[in-house]
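In what follows, chain A forms one complex with chain B and a second complex with chain C.
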Partner chain A sequence: MVSGDSKNVQTFRKSLETDPNKSTGLAAIETLYDVLKNTRASTAGEFQDELGNAVKEMLTTDYSSTSIRSATNLFRKFISLAPVDITEKTDFSEILEFYRKRGVTFIERVSRSRSLISKYAKPFFRNNMNILTHSYSKVVLSALHEAHECGIEFHVWVTESQPDASGKRMHEALKSLGIETTLVLDSCVGYLMERMQMVVVGAEGVMETGGIINKIGTLNVSIIAKTLNVPVFVMAESIKFVDEYPLNQEDIPETFKYRSSVIAKNNLASEHPEVDYTPPQYLNLLITDLGILPPAAVGEELIKLYT
Partner chain B sequence: MSESSKKNPADNLKEAFQKLSNEVKQLGMVLGVKEGEQGQVSQPEPPKNEFAKDMTQEEKQKQRAAKAAEKKARAEAAAAKKAGGAAAPQQNQQKAKEPAPKKEQVAKPAKEQNQPKSQQQQQSAKPKEEKIPKSALKSTKNQSNGAPNREVQFDLQSNTTNVLRTSESEEVVVTPDPPIVPLEDAQSLANIHPAFLTLYSRCDKELIFDLEQLCQEFIRSFKLFLSGFASHSEPSTFSKEFDQAIRPQLTYLTHGGRWPLPYALGNIVRQLKREVLKLDSTSPISQQIEDIHQWLEDAESVNFEDAYRGIFASIEPKLAKTKCVLTYDWCPVVNHVLLESVEKRPDLRVCFVDPELNGRAVKHVNSFVDKGYKCQYTDLKSVGYAIKQCSMIVLGCSAILSNGCVATTKGSIQIALTAKAYNVPVLVVSQYFKFVDKVQSYTRMALLGRENIELLPSTLVTAIVTDIRILAPTAAPAVLKAKALDLD
Partner chain C sequence: MTEGRTEVEDLKRNFVLALRKNTKRPSSSTISMNVINFLRKIILVEKVKTIAELLASLHNHAKFLSAVEPTELIIINIVLMTSKLARDELNKKNGNGNIRAYDSLFTLCKPSEPTDMKDTDMKKIKKDLIESIRELTIEIDSCRESISAQSSDLIFNQDVVMVYQLETSKTLYSFLAKTREANRKYRVFNVIPESKNEELNDFTSSIRLHDVASKICETTKVFLTCIAVFPDGSCLVPAGGQSIALMAKRHSVPVYVLAPFYKITPFFIPDPNALNISQRTNMPFEFSAKSAGNVEILQPAFDLLDSQYIFQFVSNSSCIIPAHINRLKEDYYHPEDIALY
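Our next item is the complex of A and B:
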């Protein structure tokens, strides 16, 4: 824990460190719920300011800002969806009480989403499959785990995914679960692709285009898979849907591309981006807790939420 | 040679001629010429030579005699016609008209019943008939068998000369019936408010440049119509009465419902009608009129000024990263967005591509030059060069269909395909009211009938920029649902 952190950031970090399986988004939401529980705000504006500040503080950490942004936006949107008879109440504490109830429902729903995704993804796994995955993803890991638990035998090829070699972590985790796995070089994806039956990746954020922002290298993997007609499936919770529309790689917001600490150094020209944007045409399906969606349906879901 | 033998060949010859002429007549009837109408244009040479092969000396003599008789008969006929019509010596003519009669004059029945079907044909044939000197237009009153196959015949005739000839005493110069236009009679026009008459004729004269302008002028016309509307009913039935009053106006604008209103304008009209039917029937009429007026004011500001501002706000972060932006043809929304962007970022280069030189995109150039901004201008031929310099394409549109297709000006597909080839994103700017619940059809539209539209497939469009958000073209159905534009 870094000294000088505000109370919210401390809660956020603690939440993530105590449970390594927790997603960044869920931790961010729990932090906001903490704010909601302890707030002394007397007006809606005041309360929203408080939440906004908490989000801003969390965004200064080095955790994925894509996930924090999407999850907190959705949380704030969800709790404030109230019937008219609630919003017209003069006593703000009653409204807050309603918000808290909504908050609990939301957190409960979010924590269930990973198991839902595993359930929806199961029919896609077959015996003796060769599956390629890129980088480390908790959702993908849990889905592979559940399929393996059901007795399906498959071989997972994991790319190293430099610069932070997060693929190594994935490789270790799979090995510990007893799943056959091989760690491969990032540069051998083209060589391996012809023997793959599917590509599974997670996502840091699902964009309004239906494309995803994920660990750098996902675009390479997807393009090669598309060229060789190997299906690409994305597993992502619906709290990762972001209200953002990148037109191309250049158009990805900088806060998504670089860690906050890197942006603070103010010398982006020499930095390597952390993520890339995979356009929807390279993706086959998105497996989410809302169900299995084609990329085009993401935009519709977001319009329903934000319009 | 005995007398009988002398006579017999002549008789035989006569019989042969008779038979032949009957056959020819029949042929003529089949081809659409009526009996008794064959004219007197003489074409004696070819048949004579043909038959001369088998003719004896006597026959030749006989023929000469017949020819003389024919000449005489012709002279008589001419005299008779000059006199005002003597019976045509048909029998004597028979020899002369042995060649196929369809090459001769073509008849037209004088007494045309005004059947609706034939009106169209008549109109189409009219210009041809007018070219023929009127003296040639002669017709007969009584045609023995003209009536039954008149229409077929008419078609045939329109391909040949339109000389009407008769052996009848009466000579009628046929003047074709005046073309029957579905003329709005004075009474039906009297119901149309002058504001809509003006709008219609302005469209007709192509004074309205684009869809945006049309919608705005329609709303303005409707306000005039509303302010001049005198109600004769109770407040409770006002909305129904007003709804009825709108109908003839719209029917007039849509050519009696023959062509639909341009889709975006149709959306406005639909929303307006819904608003009229929703009026609070308990409030006084003046209040209800005020409500509609307020709705129109809102529609005007929300769909235009506010929307323009919103679209600029949505597109600004995207434009912030581009060095050069290209647009095609004229669209007021694009113009507004680009002017605002250049105002904020003077280093932004803007390139206008016109369908042809000195076309509609000159309006863009003028608006830029008026404000003292630099811009580039070229035509569609050099789009390859132009797009290479650009990092974004911004297009306007007339409508966005529910399958994500974008209705834009002709030539946009060329732009979008080139952009795809050079990996340049294509953005389409649009207000919400341009989303329509239709798929893959863009027929001729009322009011903007001459507008050149083509459907840009959704795969060629990177994003649609609306006043609230940027969205994928495939998200059009969600917009329709969210904005309740899909309801009838």
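Our next item is the complex of A and C:
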């Protein structure tokens, strides 16, 4: 734990470190719930400021700011969606009580997301399939695990996904689950693609376009898959939906592209972005905890929420 | 076994027999009507105490029938629609008429229990349900007419239209007939698969499937029929439809698919080959005796047509682009029902 961290950042880090399987988004939400539990705010404005500060603090860490932003935005939106008879109460503590209840249901539902995704994804796996995946994704891992548990045998090809070799972690994890897997070079995706029956990737964030922001290299994989008519499936929890509409790679917010510590150095010219944006035309379906959605449906979901 | 139980069994048996006794598959509107009538009888005959029981029994029948006839997705569609109607009746009765089933992201902050289904007056609900089922039959009945009514907005003078499987689709036939009534002067290429004999009629020029490539250059619009439409805008078309659509794409000819609402299937089929039956092939007996076990005759019945090849669906309400099918699904189905399949 880095010294000098505020209390919120400490809670956030601790939550992620004690349970390595926890998603960044869920940890961020739990941190906000912690703020909600301990708040002494007496007006809604004060309380929103407190939440806002907590989010700002979390964004200074090196965890995916796409996930933190989408999850916290949804949380703040939801807990404040109260019926009129509650918002009109003069005693703010009663309103806070309502918020807390909302928070608990929200966290409970979000923590079930991954198992729901595994359930929806299961029919897509078949015996003797060759599956290509890129980088390390907890959602993809749990879906593959569940399908394998059901007795479906398939071979997973994992790209190294440099610069941080997160694919290597994925490879190790799959191996320890007893799933047949091969670690391959990032540059051999084109060579391998003709043998694949499907590509599955996770996402750091799902954009309003229906496209995704994910570990750099996802775009390359998806374009090759599209060219060779291999279906690309994205597995992502709905707390990763972000109200952002990138038009091209340049248009991705800088905070999404670089870790906070890199931005702090103030010399982006010599840095390498961590993520890229894959437009919806390269994706077939998004498997989310809300069900299986075509990419075009994501925008509609977000519009329903943020208007 | 009680008296009521056998009656239900008989109903099921008769339904399956009626579906199978024809050598030619009846039209999809006939099948959907049969399903509705079957469900109506089931609802009347079965003694259920709560709405939850009613839904459970409907889904049981759906699963049974779809196991018997796995390729008829219409059966499940209609059952799901009926169960949505039952839920609507309950909501109406409990006074929360405008409850939104598809809260999608909003469901994240709601308690996760399934919809509350308290014991209510089943007699009243049953009566209302039968009434709304009757409305559904009227809607299905008028599908062909309302799709045909749009033909004069889609086909104009000097158009050259290519159609496929005209002889099996009454809807497509009446669609074309309607424009002729409007005195539109246009030409029709009727594509006939290799395995079928030519059927002559007075307003189409028949071409074979292998002539599509040369004739598509003259064509201005392609109209196809479909078996099922999926939420991502892809659809199952009669085998051969995909090659016509690919050819049309190459020459930028718009492809329209006629799709009445009961063909919208609310779930995805991950492996369309699983429900792709082979058409019955005629093989001389001598040949089949010699080749048994060595030769497999492949003649799949459907093609899965990706949404990128489809310009618009002509549904009974209006023309819709493939990306909007997902929205349309929300009008007819309840998410909790879909999750069961």
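We take it that the second predicted complex is superposed on the first by the 307 of 307 C-alpha atoms of A that agree within 3 Å, B and C clash if a C-alpha of one lies under 4 Å from a C-alpha of the other, contacts with A are read in each partner's own complex, and residues count from 1 in each chain.
In the analysis below, contacts are C-beta pairs under 8 Å (C-beta built on N, C-alpha and C of every residue); 3 or more make two chains touch, one makes a residue touch a chain.
This is a predicted model, so every value here is computed, not measured.
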Clash or fit (per the criteria above) of chain B with chain C on chain A: fit
Touched partner set for A:86, first chain B, second chain C, both or neither: neither
From chain A, separation angle of chain B and chain C (C-alpha centres, steps of 10 degrees): 50
Touching partner for A:208 - first (chain B), second (chain C), both, neither: first
First (chain B), second (chain C), both or neither touched by A:303: first
Partner chain(s) touched by A:247 [first = chain B, second = chain C, both, neither]: first
Touched partner set for A:188, first chain B, second chain C, both or neither: neither
In the superposition, chain B vs chain C on chain A residues touched: C
Superposition-derived minimum Cα distance between chain C and chain B (Å): 6
Chain B/chain C common contact set on chain A: 296, 300, 304
Residue ranges of chain A in contact with chain C within the complex: 74, 78-79, 81, 102, 105-106, 108-110, 112, 123-124, 126, 238-239, 241, 284-285, 290-294, 296-297, 300-302, 304-305
Residue ranges of chain B touching chain A (in the complex, touch as defined): 318, 321, 392, 423, 425, 427, 462-463, 468-472, 474-475, 477-479, 481-483
Parts of chain C lying in touch with chain A, wherever the complex brings them together: 104-112, 231-233, 267-268, 270-271, 307, 323, 326-327, 335, 338-339
Residue ranges of chain A touching chain B (in the complex, touch as defined): 208-210, 243, 245, 247-248, 250-251, 280, 296, 299-300, 303-304, 306-307
